[in-house]
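Each chain gets a letter, A, B, C and D, in the order it is written, and its residues are counted from 1.
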Amino acid sequence: MAPGAKKGILERLDAGEIVVGDGGFVFALEKRGYVKAGPWTPEAAAENPDAVRQLHREFLRAGSNVMQTFTFYASDDKLDNRGNIQRFTGQQINEAACDLAREVANEGDALVAGGVCQTPSYLSCKSETEVKAIFKKQLDVFVKKDVDFLIAEYFEHVEEAEWAIQVLKTTGKPVAATMCIGPEGDLNGVSPGDCAVRLVKAGAQIVGINCHFDPETCVKTVKMMKEGVKKAGLKAHYMIQPLAYHTPDCNHQGFIDLPEFPFSLEPRILTRWDMQKYAREAYNAGIRYIGGCCGFEPYHIRALAEELAPERGFLPLGSDKHGNWGSGLEMHTKPWVRARARRDYWENLKPASGRPFCPSMASPDGWGVTKGHADLMQQKEATSKEQLKALFDKANKTH
Amino acid sequence: MAPGAKKGILERLDAGEIVVGDGGFVFALEKRGYVKAGPWTPEAAAENPDAVRQLHREFLRAGSNVMQTFTFYASDDKLDNRGNIQRFTGQQINEAACDLAREVANEGDALVAGGVCQTPSYLSCKSETEVKAIFKKQLDVFVKKDVDFLIAEYFEHVEEAEWAIQVLKTTGKPVAATMCIGPEGDLNGVSPGDCAVRLVKAGAQIVGINCHFDPETCVKTVKMMKEGVKKAGLKAHYMIQPLAYHTPDCNHQGFIDLPEFPFSLEPRILTRWDMQKYAREAYNAGIRYIGGCCGFEPYHIRALAEELAPERGFLPLGSDKHGNWGSGLEMHTKPWVRARARRDYWENLKPASGRPFCPSMASPDGWGVTKGHADLMQQKEATSKEQLKALFDKANKTH
Amino acid sequence: MAPGAKKGILERLDAGEIVVGDGGFVFALEKRGYVKAGPWTPEAAAENPDAVRQLHREFLRAGSNVMQTFTFYASDDKLDNRGNIQRFTGQQINEAACDLAREVANEGDALVAGGVCQTPSYLSCKSETEVKAIFKKQLDVFVKKDVDFLIAEYFEHVEEAEWAIQVLKTTGKPVAATMCIGPEGDLNGVSPGDCAVRLVKAGAQIVGINCHFDPETCVKTVKMMKEGVKKAGLKAHYMIQPLAYHTPDCNHQGFIDLPEFPFSLEPRILTRWDMQKYAREAYNAGIRYIGGCCGFEPYHIRALAEELAPERGFLPLGSDKHGNWGSGLEMHTKPWVRARARRDYWENLKPASGRPFCPSMASPDGWGVTKGHADLMQQKEATSKEQLKALFDKANKTH
Amino acid sequence: MAPGAKKGILERLDAGEIVVGDGGFVFALEKRGYVKAGPWTPEAAAENPDAVRQLHREFLRAGSNVMQTFTFYASDDKLDNRGNIQRFTGQQINEAACDLAREVANEGDALVAGGVCQTPSYLSCKSETEVKAIFKKQLDVFVKKDVDFLIAEYFEHVEEAEWAIQVLKTTGKPVAATMCIGPEGDLNGVSPGDCAVRLVKAGAQIVGINCHFDPETCVKTVKMMKEGVKKAGLKAHYMIQPLAYHTPDCNHQGFIDLPEFPFSLEPRILTRWDMQKYAREAYNAGIRYIGGCCGFEPYHIRALAEELAPERGFLPLGSDKHGNWGSGLEMHTKPWVRARARRDYWENLKPASGRPFCPSMASPDGWGVTKGHADLMQQKEATSKEQLKALFDKANKTH
């Protein structure tokens, strides 16, 4: 399909179409060996382009209409303060990410979205001018590479999100903005409804939630955003990109505070059936840009596309390798597995963990620190042994 | 590295070296959208070579010394009776799989292993001659493509495994043989010790267990094999390729009987720390060929390689994106997450499932049918509606 | 101790003393075989006085300062519509209950409290006059038997509680009033704070919560009551008599809606250590009348008395058979059990259920019916087979 | 019923009748406040006869055909080494216990059984003569009080059980003998089958299992005993008195090793429906003397009697306060609770724990010490502070 032939993001949403998003890249590529947990930076775009391209292709095949540039945490201040020497400049990483997204987007009905996210500079109390300059630098690449639209995502403070939107708006491209907050609002306690109003007033045409909470919580939070926007007499489109992890036990800071983050989240991973339930609930809540974040694998996105196939009118390519509601099991060798080839079986199953020595819920950490706290100030060096020891001691005391 | 420069599989094991295996391809590629659950056939080798090559590369990078050809269920009788038209012949698929494995093996210190597994012909009571002809056809490709050694894997009946070994032995290449059984033995009740003796007598130089059970159960079963071989006055090398799913609740047929198989196994997925524990236990049991099967992702193999780095003397390439025992978290933004950058934290954590409405164990299905039962006879067509209804009714009655 | 020598309930509370309540009789005596689940009526007071006297004695020995007359559901309208012939009149049951409570109260430092609770007449929309006449009939016995104070308890609608208080107040005796509601308020949505204000205005000197929810939820709800009363510029004493069952999964109607009610609640029973935690939290919340309701056994009350022994200045009699924080285990035969004779062991233990096939939380029933609904209208006959079938069908549909 | 009119225990069993046992007294009376956990001695028989008599009556009413004298751990060597001054001699306690059991047995169709159990003398390696003298002293009371039959129960070593039987046999009264072992056999590894053969050869007419494990495990173990006795060409009657706690996670020493023993076992308590299942399985296994041990409350025994009512031909007295399979709920106020008045509801329910932060299984303690180990030697004094500190340190290391 020629790129020029594609409808833009706002055209689609204005027409009431469903836009299926992609999944999160840092977690998926961490499992594949190309992203380091802790820094979470996207140098793989330049370092291992084959791996990144392959993941884009898998999401496209699963039904995604958006190839988001793999530029999460690719701001210069973030790349700098990771304490390890980078082989690539921020610009190189951002450009490589744009090229990969565009290459794969051209292979199907997908748009390219350039993404920025929250910065260590903001948490370290840098000025509005300084923070905006950070965003501007990534944006210059997005403009040069002519992405189709822009996403400001993963903000814990609405103020920083507003600053990001204000910078992105200067390009004239459509702007989507999502925060990684739950029903309790941002880290300063601004409610989801109020956050949404401020994002819309700052210029975002699409607002919503990404990361930090499970689908159930995110749908609930976007609903609160919608109510807020409606009450304020404003209009917007809504998007949602939740975790693929069950997090009923999170507090307001989300899954980062769970003791299992980030290396023991496996028992919380959503099944494809959980995903179909989520897609339906998001759709019923009036959300039309429906995707995923950390934990999403291509089959999770495919589940969204399969659930919404009646509304969209087509199945994703990847469904040639997937029977609807388990129907592929009709060809399994064992007869009792063939007996699972039906919707009511999978919809009603309460999957066991195989972990009888583990609990079903955890008590989140979270030391009540936010923007400006000494513990959050950025430093270029890795945390020192002394600093770590102090942290370990503090952790042992709070458990 | 020039292929000729590499030590063979037996040279390595004879020298007491650890051989890190790869993970299972059908489950990993099902999640990526290239394999259909139910048939579980490997046409992706010919159909989507980029995806298969990428997965090989990820396992190589994670530390694997073996690139197993993606030829599981690629026997003609299996490909034929899947009820869907195949775009590729069995020979094309087997050849493409060999080429991909060789291409990536050449990029590092890995050998190519050609793999065959149990056949529908055996379950349908075909003769020894007919079943052996099936193996021979795949073997012809492996010989033509000159793989480094051969693996007969995933056998539920020791008799069929013996037949496979006898065919593979005709090539003069080293032969490994694994069965997908637990401590209760094969589906005819032949004990693990007796199975192992028969595999060794049939000509296998390496014997062990793959698939169907979790690492703990598989280590236990290989130990029983070892004892059997020792008692019989024989010698062998040992290998193990378990599931990446916790299965304490399995009966003798393994995870296929669990109600969660194959679409709701997520809560059972092992963490990287579970994997390190497994690698250590396998090593302590005297097993030196240590890999994985269904459910393994590249980071799981990397965890094996990291645990065994002291013995092997080096870390895998992929560890440039992984801090040992979570040390990469030293660079995380939140201080309480930095406090998790230590071994004792992850070793002692009992991860929560986030699923308070789900149990921790399940009751397996399994209708007590085995080789020769009408329900197991192969048919080329997909199961008919009437056949399915009978199965659904039977399933509802047994729950 | 001579009855006249005892301080009254208000004297104690005005002096800041802790009053330890007793536990619920219907559940405890159901387990002992003297109360029928379903009707839940207290004919045992007349029918099996030895069993009732023994339970009073056990609570007294455990530290209770109140012997509540076993007159729950002993109103004539309730006794009548149970569909089974009663061998005793309502008056006989109420009188017997008063005599038993007084007999045991005389054996220690306890007061006798006459109790009334919600009536089927109210749920069936009988008039205020009719409902008040019901309360009056029980009250006549309490006056004749000269109980020390009165308790109006177990009300789901604040209006009916007000009516009860108004009747009880005519005696001049101190009146306590508790509702079986949670943080969401009464069945008409009146908040805990507003309920409390109305109870105080109706004349109750002591207000609080009993039954339907676990201690954690009840403490939270009484706190809301306290805030309401304070905001209204009023004053009251506070009491709490929660369940001995963990109910984190309840909705606003409480444990009756849990699928486990009433015959499979065992896995939810609180330990004695859970009870000590509850006693401390209730005390810290400023509650001074601290007891229990359904599920409480004598050792649960003893745990409250032991936790509050520093404040009260003495241990209960029953502690001659209980080592503080497990210290009695110092005399156990097995050394590893002796190693459990310490507070930190029991405080930190997360007890396992031994039920790996069961979940940790349940989804409550509750069909959204309240006062006035046809399904709630009282009828003297047991539910007919046709009525039951309709209910079973309805239940199967909602699950 | 005149005592003389009653059939003896062997007459009943020889006639194929079911004998319903009673439940354990130490745990039930600990919850009521009359027994101290740790020493677990039965001085309450003399100290608080009303409480003991009441519990006997509740078991009788629930359907028990046996009133076992409350003489557990009432041997002089046990009473002496509890480190606290006893107000009663062993003889006084044993006599009081006999009188109470006889008094209540006379009120219904129940026999009196005099019980002895394992002694600290045996664990401390006293001679056969010394240990037998201990048993003889209790036996003298049983003979004087003319109990109907004798039970040697709660033995971890078959040798000591044999000694007990040999002493009891001298009276000519029928002798039952039970051990507190699981499928792995006694603490010296003697198998259940071999233990049973030795008990029968020593003279026991009834053999079986009591305490330490849940019903499922105990039924399994008695089956092993039965097979052993049959293989040896011997004959016996079988009895079973399991825990009322689920213990799937026990090792060979049973529930004492569970971290929850004895003060946090609540989540493991069996429901009445669990009990009905147990009664049926025990009956189907050919066991005819079916009762309970620690954790049993009267309603648990009633559940056994209700399950076996079709075979016995009558319901217990206590069923006048219990509707079969929940049918009493037909009279509940809430319609959705009335919808639970049916067998399939309760049989299929998997009850939730309400404890999402707790696991479902625990890892047992157990330091591998047995008879003769220094840690097990009896001492009259309570464990000293120094001894305790050593134990706490050892415990912390093993966790």
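Heads up, the rule we're going with is that a residue touches a chain if its C-beta (ideal position, glycine included) is under 8 Å from a C-beta of that chain, and two chains touch if they have at least 3 such contacts.
Just so you know, these numbers come straight off a predicted model, no measurement behind them.
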Next item on the list: Any chance you could check whether A-C or A-B wins on number of contacting C-beta pairs?
Entry: A-B
Note to self: Using C-alpha centres only, name the chain that sits farthest from subunit B.
What the structure shows: C
Next item on the list: Please work out the Cα centroid separation of subunit B and subunit C, and write it as a whole number of Å.
Entry: 58
Item checked: Between subunit A and subunit C, centroid-to-centroid distance (C-alpha), Å -> 49
Note to self: With centres defined as the mean C-alpha position, give me the subunit A-subunit D separation in Å.
What the structure shows: 58
Notebook entry, point to check: Where the CA atoms of subunit A average out and where those of subunit B average out, how many Å apart are those spots?
Noted result: 32
Notebook entry, point to check: What residues in subunit C touch two or more of the other chains?
Noted result: 249, 350, 356-362
Next item on the list: Enumerate the contact residues on subunit D facing subunit A in the complex.
Entry: 249, 356-363
Next item on the list: Flag every residue of subunit D that touches subunit B in the complex, lowest number first.
Entry: 350, 356, 359-361
Margin query: Residue numbers of subunit D touching subunit C in their complex, please.
Written below: 30-39, 50-51, 54, 57-58, 61-62, 82-84, 120, 123, 214, 245-249, 256-273, 297-299, 302, 318, 320-323, 326, 328-342, 345-346, 349-362, 365-367, 369, 375-376, 382-383, 387-388, 391-392, 394-395, 398
